[in-house]
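Got some structures for you, see below.
In what follows, chain A forms one complex with chain B and a second complex with chain C.
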Partner chain A sequence: MKLRCSQNRGETPRLAEGNKMATKEEIVEKLALAVENYKLKDAVAAANEAVEAGVDPVYAINEGLVKGMNIVGEKFAEHKVFLPHVLTASKALYGGLDILLPLIPKAAEGDVKTAVAAVVQGDVHDIGKNILKTLLTAGGYLVTDLGKDVPPETIVEAVKTGNTQVLCMSTLMTPTMEEMANTIGLLKDSGCRGNCTVTIGGPPTSPSFAESIGADHRDKNAQDAVAWIKANA
Partner chain B sequence: MVTEMNSLERVEASLADEKVDRLSTFPLACGVCRRLLGDGTTLYRDWATDPHVFSSSFIESRKRYGADFVGGMMDLSVIASDLGADVRMNDQNTPFVDGHNIRTLEDYERLEIPEIGSGRAGVLIEGTRQYAEALGREAFCSTFIEGPLLALSQTAGAEQLFMDMFTDPRPIHKALRLITEYESGIVEEFSRIDGLSAIFWNYLWGNYSCLSDSEYAEFEADVYAKELNDLTRRNGLAVAVHNCADLPHLDTQIRGFKASVYSHAYYPQVHRSLTASEMIDKGYCDDCLVAGQIDPQIFMRGTVEETLGTVRDLCQNVKTSLCKRGLNSRYTISTGCEIPPGLGCRMDNIQAMVDAVRLYGNMYRWTYRSPIE
Partner chain C sequence: MASVKKMTPRERAFASLAGEPVDQIPFSPLTCGNGRKVMTNPVTYRQICEDPHLFAEQMTAASRAWHHSLNVGLLDLSIASADYGAELLMVEENTPATKTHVPVTGPETYDKIGEGPVPDVHKGRTKVLVEGSIEYCNNMKNQDLSVGVAFVEGSLLSLSQTVGMEQLCMDMLDDGMENSILKALDNTTQYTVNEVDAFAAGGVEAVCVDDLLASEDIMGDQFYKFCGNMRFAGKINNAVTDQGMALAIHNCSCMPMVEHQTQDEPYRNVSVYSHAWYPGTDGTLSAPDFIERTKCRNGAGKPLTGFGCLDPQLLSQADPQVVFGAAKDFVTSVKTSLCKAGLSGAMYHVSPGCEVPPGLASHPELLSEVQRAIDTYGTM
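Right after this comes the complex of A and B.
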């Protein structure tokens, strides 16, 4: 996550004298490798090691967990690894984040962009949404995950209360595409459509469908969607 | 000169790549056909649980639209329900799993299968029997069932299953073996139905957005799907494969499975998705009747004129490509994914799709003038 780091990342300080304790760089490398190698236990262990050694959690997340997840994401985009790998890597990512995120001072979160992700009402297929959430988290966003089968009212309420900058909706099924239109309509009615960028995804959707329902963007996969969000939202 | 054929003759000729009067057509109109019954207020939950309601909708659809294929897809949670997953039935929406019953690796080994015919599969079998016996002499009647990996993903949740595949595949294989045994019994039941010609196996997870060749081979293609396909053929039914995912494993599912019919969706936004012409050009129709690829969105958002125009363009592309490839008829005009079954579906567009194939799918005679040219 691109949070403000409280320590000078340009330095390469050692944590202890001698060779017994790992350097900060070695610890973040362990974090990256744990995610890249899909190892939840290793990610948790490295995150705990980072805490014990006093490594800035932002540094550990950015240069460790996120770096590893980005490598997996790139391999997924190139069809070098597939869904089981991405899901297992994301489990390792979140294992590390669970330990490191609570340690970040609130002040450092001030500039962080926020997003809401949801599978629309009537649909329970959430793998695509979960991958997007993972990559968007790795891309520096604080993501509120509303889950699957989410009514428009719940999505709009989350957007309003969270001062959300990006809303990501997905569906795998044609019949539930209309719920995206319903949600955007409710966003407009509630007066908060203009406050956030709305992007949609899922195989049956298309750019023309996005345009027709008043969404800002539609992308064909999570990686490209995150790239677009980072560049445009 | 090919004389006018009835639907069954047309499809059987297409399966053999013989000359036909016109291209065959297969709108995947399933749940939406409940709206053709009575005063149009039949609930989805009744359609999906009552064999008579289920079958009556396909019989009425055949009478109303006259499509060549009849394909009784209920939903993707039939087998998962029989394995103990909670399925939510709605008034106007497709039933779906809203409570998985596998949470640990041990749970895969605790799965139990019901007696054949006692669960939701029993409703599917009986409903299929009723429409196949009524329509099997005039149309190509088929049924749909979830493949073992799809059934298990519905039971466990796809995300959980995929991670467990990576962590420890042994209990997953035990569960897949059990599901294959259950589905073998269902195949035997289907084989006793007079008028039924094919089983569509929904092998959804054979797609490159989710699984590699080796993963798909291990968890479905080389073992469980192979057994079920062989059993289907041994029981005198055609092996049809349905996959509405993007980037399907075409070589495995068409060539490897030796499918007689292959139904698939087309996502133009997805890089490497093949158009109908590309499917034909690359030889996927050489030995298989491929069914595609009208975007189901058009049934929600398009006009009759737009539907006619879309089908006209597809027919023209298909006919040109078949001719170039030296084929006669191995492509059927279909939606590749279920026509949206909700109340927003424009029923006139289903009629327009079938009418357009009659108009523009004509192969050797031209007796109609286009209403939109």
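Right after this comes the complex of A and C.
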């Protein structure tokens, strides 16, 4: 996440009195490698080490966890690694984020863009949504993940209360595609459609379907969707 | 080929399974519970999931209404997971789904599945599938309607639906989990084989195995270890064909492994390959792609029929002209590709490449427009 560093930006802090403790650079490298190598335990350990050593959490996230996730994302786009690898890397990413995110001062989050991600009602297939959430987080967004089988009312409420800039909906199945239309309809009825960009995804969806239901965009995979969101939303 | 006499849908099915010429391109829509809408006394989706006779009745009604050559009894993908202990999301007018997976606490979870009893296919949700499939397959046979195709989840799909696809995918990369996962897959494989045995005993003529996860763009090399080998897919597939039933594989991944799943040893007896096509997805398999990439198998005297590719969302648009136009274009492209490859029209069936949406908003009656397009433009 490209948050503003609150402290120690650009400096190499003194991490230890002795010579056994790692430097700041070494710790963020460990974070990146943990994600790149799909190691949850290593990510958690490196995140705790970063906290203990007083490394700026924003710096640790951006230069460690996110850097590692971006490498995995690039390999995924090039078909050098596959879904199991991305999922395992994202598990490591979130293991580190769980420790580091709460340490970021609220002021640093002020200019961060926000997104809501959900699998629509009736569908419980959430892998695509989870990949998008991971890559969007790595791309600098604060993502509220509503999970799977989410009713339109819940999605609209989250968009309203979170002052959301981007809504991402997905479904794997044809039977539940109409729930995307229902959600957008409810967004319009509640008067907040204009406040956010709506993008959809999932194999059975198409750009023409997106247009027909009033969504702004549909993309064929999470990487391209995140690139589009960053450029357009 | 123009000399082939007029055939019934069921005759076209047999001709395609044998690799023989047909009078026109067969039509085999995956109608997924939409038959309930054309029953004399319509019922809900939930009812067909809970009553084997109603499941069979709606399948039979679908064959009568839309003249399937092959009619695949896809009900939903959560039947195995329910009988392995996952919690279901059951709604009134749509497919059920797995709501809460069996939580994985470590390799012991997979060990427990692997070492536990194989779920009884005559109990639970599987009972509805098995009894209903036998009934509709015999209805279609006895009434000379279609060839009924019983539908089962492949072993990897059963396990992924039970513990969650995401969880399973991650665990596949954990060396400490591998043996336990393989053991669990032995159990889900045997469960599917038991379903297949029950179908054979009940007089079913064809079985479709869903290999949803089985794609290189999803799993990479993990596919070969956890699915596409003789221990799992090969065991199920041989159980089907050893008992004289035709074998269909359904794989609606974005980029199914079509060469592997139609030519390699575990899949050497596949007669029908059902696949989806996703507009806007790079590398997705179109009907012409399928025909081109698999023609060598047909050339080698091992008949293989493709199945799919018409956009199922057409049936949600409620516009007969749009449906007819799209079907006309599709049928024409299939016919051209078949001629180019030197194959009979039997070697590809027109079908929506994924299920026709079963909710109340879809318009399965528009399948008649697809049939009309085939009648007009699909004659061989």
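The criterion applied here is as follows: the second predicted complex is superposed on the first by the 223 of 233 C-alpha atoms of A that agree within 3 Å, B and C clash if a C-alpha of one lies under 4 Å from a C-alpha of the other, contacts with A are read in each partner's own complex, and residues count from 1 in each chain.
One rule holds in what follows: a residue touches a chain if its C-beta (ideal position, glycine included) is under 8 Å from a C-beta of that chain, and two chains touch if they have at least 3 such contacts.
Everything numeric in this text was worked out from a predicted model, so none of it was measured.
Q: Should chain B and chain C be called a clash or a fit once both complexes are overlaid on chain A?
A: clash
Q: Of the partners chain B and chain C, which touch A:Ile127 in the superposed model: first, second, both, neither?
A: both
Q: Considering only the touch criterion stated at the top, classify A:Phe209 as touching first (chain B), second (chain C), both, or neither.
A: Touch partners of A:Phe209: chain B and chain C.
Q: Jot down the residues of chain A that show up as touching in both complexes, chain B in one and chain C in the other.
A: In chain A, residues 38, 79, 82-85, 87-88, 91, 122-127, 130, 149, 173-178, 203-204, 206-207, 209, 218, 220-221 are touched by chain B and also by chain C.
Q: Which bits of chain A are touching chain B when the two form their complex?
A: 38, 79, 82-85, 87-88, 91, 122-127, 130, 149, 173-178, 203-204, 206-207, 209, 212, 218, 220-221
Q: So in the complex, the part of chain C that touches chain A is made up of which residues?
A: Result: residues 32, 89, 91, 94-95, 97-99, 165-166, 169-170, 172-173, 216-220, 222, 252, 254, 276, 278-282, 311-313, 316, 354-359, 361 of chain C touch chain A.
Q: Once bound in the complex, which stretches of chain A touch chain C?
A: Result: residues 38, 79, 81-85, 87-88, 91, 122-127, 130, 149, 173-178, 203-204, 206-209, 218, 220-221 of chain A touch chain C.
Q: What part of chain B is in contact with chain A in the complex they form?
A: It comes out as residues 90, 93-94, 96-98, 158-159, 162-163, 165-167, 208-212, 215, 245-246, 265, 267-271, 296-297, 300-301, 337-338, 340-342, 344.
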